[in-house]
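Structures given as structure tokens follow.
You will see two complexes here that share chain A, one where it goes with chain B and one where it goes with chain C.
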Partner chain A sequence: MGAGHAHKLYRHGHSRVHALPPHTKLTAVFAFVVVVVSTPREAVWAFALYAALLAAVAYVARVPAGFLLKRLLIEIPFVAFAVLMPFVAQGERVEVLGLSLSVSGLWGAWNVLAKGTLGVAASVLLAATTELRELLLGLQRLKLPPLLVQIASFMIRYGDVITDEMRRMRIARESRGFEASGVRHWGVLAKSAGALFIRSYERGERVHLAMISRGYAGSMPVIDEVTASRAQWSYALALPATALCVCLLGWTL
Partner chain B sequence: MDPVTEPLSLEVSGLAFAYPDGHQALFGVDFRIARGERVALLGPNGAGKTTLVLHLNGILTGGAGTVTVAGLPVGRQHMAEIRRKVGIVFQDPDDQLFMPTVREDVAFGPAAAGLKGPELERRVDSALARVGMADFKDRPPHHLSFGQRRRVAVATVLAMEPEILVLDEPSSNLDPASRRELADILRSLDVTVLMVTHDLPYALELCPRSLILSDGVIAADGKTVELLCDEELMGRHRLELPFGFDPGSVTMGA
Partner chain C sequence: MHVPDGFINAPVSVAAGVVAAGAVAVSLRGARRELDERTAPLAGLVAAFIFAVQMLNFPVAAGTSGHLLGGALAAILVGPYTGVLCVSVVLLMQGILFADGGLTALGVNITVMAVVTAVTAYAVFRGLVTVLPKKRRSVTVSAFVAALVSVPAAAAAFTLVYAIGGTTDVPIGQVLTAMVGVHILIGIGEAAITTATVGAVIAVRPDLVYGARGLTAPLKLRVGGELVDAPAAEPAPVAARSPRKLVLTGLATSLVLAGVVSFYASASPDGLEKVAADKGIDTKVEEHTAADSPLADYGVEGITDARASGGLAGVIGVGVTVVAGTGVFWAVRKRRTSETSPASVPDVPEKV
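This part shows the complex of A and B:
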């Protein structure tokens, strides 16, 4: 995780979507998700239109469908429970292929599945067209609490360092003949985790010292000023604006 | 060269310090470093070297004595200025390089001092060029080799245009080629350097003058080659030369 420059979700490219300033993209995705979530679930055609919108964005961003669909698999564990809803929900029931299913449960499952998939697809597109680093700049620009942005940024920087430390500790354990093979060994693993925590904590102190030495006084200096022109904003917001029209139609029709 | 008549980069006088747990690390340290000098600070483990270094930019304070950097006393009222003037390169580059990309890391110090835009970019470029890392600007630090990371760590400090560069064990964990490259870089810089090290040949190679810190006091101050040749002095302060190394037979390039 957190390979900083080349994280796995990112797909290098030079499309217009890639070139948009990160905070416009973040705002657009957030607004899009809000619109999708507030659409009535009975307006099935609206969700088809949303999917078409995302497909259009993917086309402009030159993200291949296969790439997008494979990344979508991540939502499976989250929607697994939606599949259960038709079986366990109460109320009016219908027979489908010999199974007795609840109508409200079916609608509920459809609701979770459709909105969840669209939300995940929008996020996958965002991640595919925006570098992690840029995302952080965007969040900073959107005035997310600076402490949260700093924590996220250190996570990117030190994820690999700590993984590496963990790997070295494992090698050291195994070199002395330790093989975690059962519950009896959990104690050793727990102690390793504790030692890793203390090491990371101490590294945190040393990093803080290095930061103070270079003039850190509580807030990160702004190094990259991200700005967006009116045209860039309107280009990014075209997605949620169109979605909003669809949503309003969904409520009125 | 008489250091006293030159403009001083660093003056430490009567510095004593005890940690809150009562352990006293420094017992009255006095020395002066003139502008442009390269000085090695030698001493066994536990001599108080790190404690001394942390006093130079005011991270540790509260003991007796004073530290003056280019005429400015280290104290609360000039802290930002002092931290810009004293560039400390810590031993582990993973601690020093905490930003996601090399460029942002080098920009951190000057940006904290208020620089922006093209001026900031110019500082970053020149600092990276001075350590020969200009091509690695947009790389994340953890994708660099250890030697490259150490060089970037030096650049992060150079970007602040410090009065004095303080290096903590600069040669540790470097392979011989990276070690030589770093030496070439340090020699090419026109800043005052204080190098804290155990690596005596490295001190001899780079620093004409050395200080020996032992038991919290400056035990010796003189030409590096003379100190290293004084077997009795070296033995008394647990400083040992590598096997087969004879400081008297080395001809100095610098």
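This part shows the complex of A and C:
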């Protein structure tokens, strides 16, 4: 894949994290998030340690902090929800700055914020250090059904094409003086969506015919089989293993 | 609307993950039946379409705008199985690539936003289309109602998941009211856009709309000045498939979930009960009229071990549900076949 096909979240590099086989990274991130979610929320220090672990990974992968923090903005909707929690939750209340807040609501908000942020940060690091094609190969290695991986790869491969098609339709609408400003214009936008569906579906049929003419018989050949050595596995799993230690400490202390 | 990590506790996330994996597996088989070997490119392109159309902004008023969720649209345009599959793939990719929705919450997200939305929408749509007259307008009307129902249904499903495994004891009644209330408004927008989009596709390529397949007029030949039905193409012989394996697997899964997993799920009382217990509301609670039924409080009378009792109650519950469901299904199917067979003769084809 050329540079033009790399997704926007990917950050090209040659670090040790970039070089790891994709399925080890996927496993590591998933295990890490599972460990984070099962940590008791009262162990505040544990979450600080998790954040430090992720910062270490980001350092090794040479992902700058600014890049990571900008990507974290995606969770703003949940932050809004979490801020609401202390006001609506039940239980004993506590006075903070003249506001009556629920104690369990405060814990709940902290819980969602801490775990959600760590989960997002881990996913962002994964996406920043792994190319799309590699991610799909990794999913295939992890025994996801091949058909599902194929569908996902077609979605990724043609996502930009379809989005571009939508952008061209928008430019065509705007160059004819159309400006969507309210509910009255939904009909026009929906007609565009309908046209987009027809174009996507027909493109799918053409792609299928092209595939058949090249010998497709229901499964894609895998030409770049990825394998991971024991050292690579242990390097990748160092992250969730350390996190597990922290989690166990959090349960016992 | 994507659920982040840490919102739902671990056991319920795992259970939702199992449900989602099962639903995706069933949809994979179903989609292969709907699209055979074209599945990969077509479902992939439709998933890309759903992904793109979620970025299409619909201005509401004064600078605010909404976007389509797409579950109902996908189910109506390409069929329920492919629809579930496409939305699931979109959610999977959003979770892994864009960190939109937590990885551990992927099961919850797929169950609520792909499975519940698409299946509800398609069930409502199919039901209305069979009841309403065979016209193009009834397809759009059904699409409107289906999309309208699907969004609050997803909100209610999320509230149910939250009631079982939420990490904060927000009163569930309030959550339900707020979620369903807000999502009815969203559902109206979703319904309007879905209807207009389905209408636009039907106007150009009615053959592409899965939900409108029954509406295409049969081919006519003019033989000697008279219109005669063209000989229908011989349908490809479908290999006899026994649904027994699927039914048995489903039954076994439900029994395991109800009998074993339910113990862990109900180990901590649900939010409402907990709130009631905390605030002392439940001291005045009148016992339910069914309280002295043999299965009261999800336990079996006369069995003292809580785990065995709860598990047994779950197993009995699954059994009763299966028997009742099968009975209703048989009754409905029997009536349907006896009703439709004589009525199908004077069928006036509708030009779409």
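Descriptive notes on the structure:
Methods note: the second predicted complex is superposed on the first by the 230 of 253 C-alpha atoms of A that agree within 3 Å, B and C clash if a C-alpha of one lies under 4 Å from a C-alpha of the other, contacts with A are read in each partner's own complex, and residues count from 1 in each chain.
One rule holds in what follows: a contact is a pair of C-beta atoms (placed from the backbone, for glycine too) under 8 Å apart; a residue touches a chain by one contact, two chains touch by 3 or more.
Predicted, not measured: the structure shown is a model, and the values here were computed from it.
The superposition on chain A brings chain B alongside chain C with room for both. In the superposition on chain A, contact of A:Arg133 is made with chain B only, not with chain C. Of the two partner chains, chain C is the only one touched by A:Ala114; chain B is not. Once the two complexes are laid over each other on the shared chain, residue contacts for A:Leu53 go to neither chain B nor chain C. Once the two complexes are overlaid on the shared chain, A:Val222 sits against chain B while remaining clear of chain C. After the chain A superposition, the centres of chain B and chain C are separated by 80° when viewed from the C-alpha centre of chain A, nearest 10. When the two structures are aligned on the shared chain, A:Ala28 is found in touch with neither chain B nor chain C. Touch criterion not met for A:Leu20: it reaches neither chain B nor chain C. In the superposition on chain A, A:Pro145 contacts chain C only, with no contact to chain B. When the two complexes are overlaid on their common chain A, residue A:Ser213 makes contact with chain B while staying clear of chain C.
Greater residue coverage of chain A by touch, when chain B is weighed against chain C, goes to C.
When the two structures are aligned on the shared chain, A:Ala180 is found in touch with chain C, with no touch to chain B. Between chain B and chain C in the chain A overlay, the least Cα distance found is 7 Å.
On chain A, the surface patch touched by chain B in one complex and by chain C in the other comprises residues 132, 153-154, 156-158, 161, 203, 207, 211, 216-217.
The part of chain A that touches chain B in the complex is made up of residues 3-5, 132-133, 136, 153-154, 156-158, 160-161, 203, 206-207, 209-217, 221-225.
Chain C contributes residues 4-7, 9-10, 13, 24-25, 28, 32, 37-49, 51-53, 55-61, 68, 77-78, 85-86, 89-90, 92-93, 95-100, 102-104, 167-171, 174, 192-193, 195-201, 203-205, 208, 275, 278-279 to its touches with chain A in the complex.
Across the complex, chain B meets chain A through its residues 54, 57, 59, 80, 83-84, 86-88, 90, 92, 94-101, 104, 107-109, 111-113, 116-117, 120, 138-143, 156-157, 160. Chain A contributes residues 7, 9, 26, 29-30, 33-34, 36-38, 41, 71, 74-75, 78, 85, 88-91, 104-105, 107-109, 111-112, 114-116, 118-120, 122-124, 126-127, 132, 135, 145, 147-148, 150-159, 161-163, 165-166, 180-183, 185-187, 189-198, 200-201, 203-205, 207-208, 211, 216-218, 220 to its touches with chain C in the complex.
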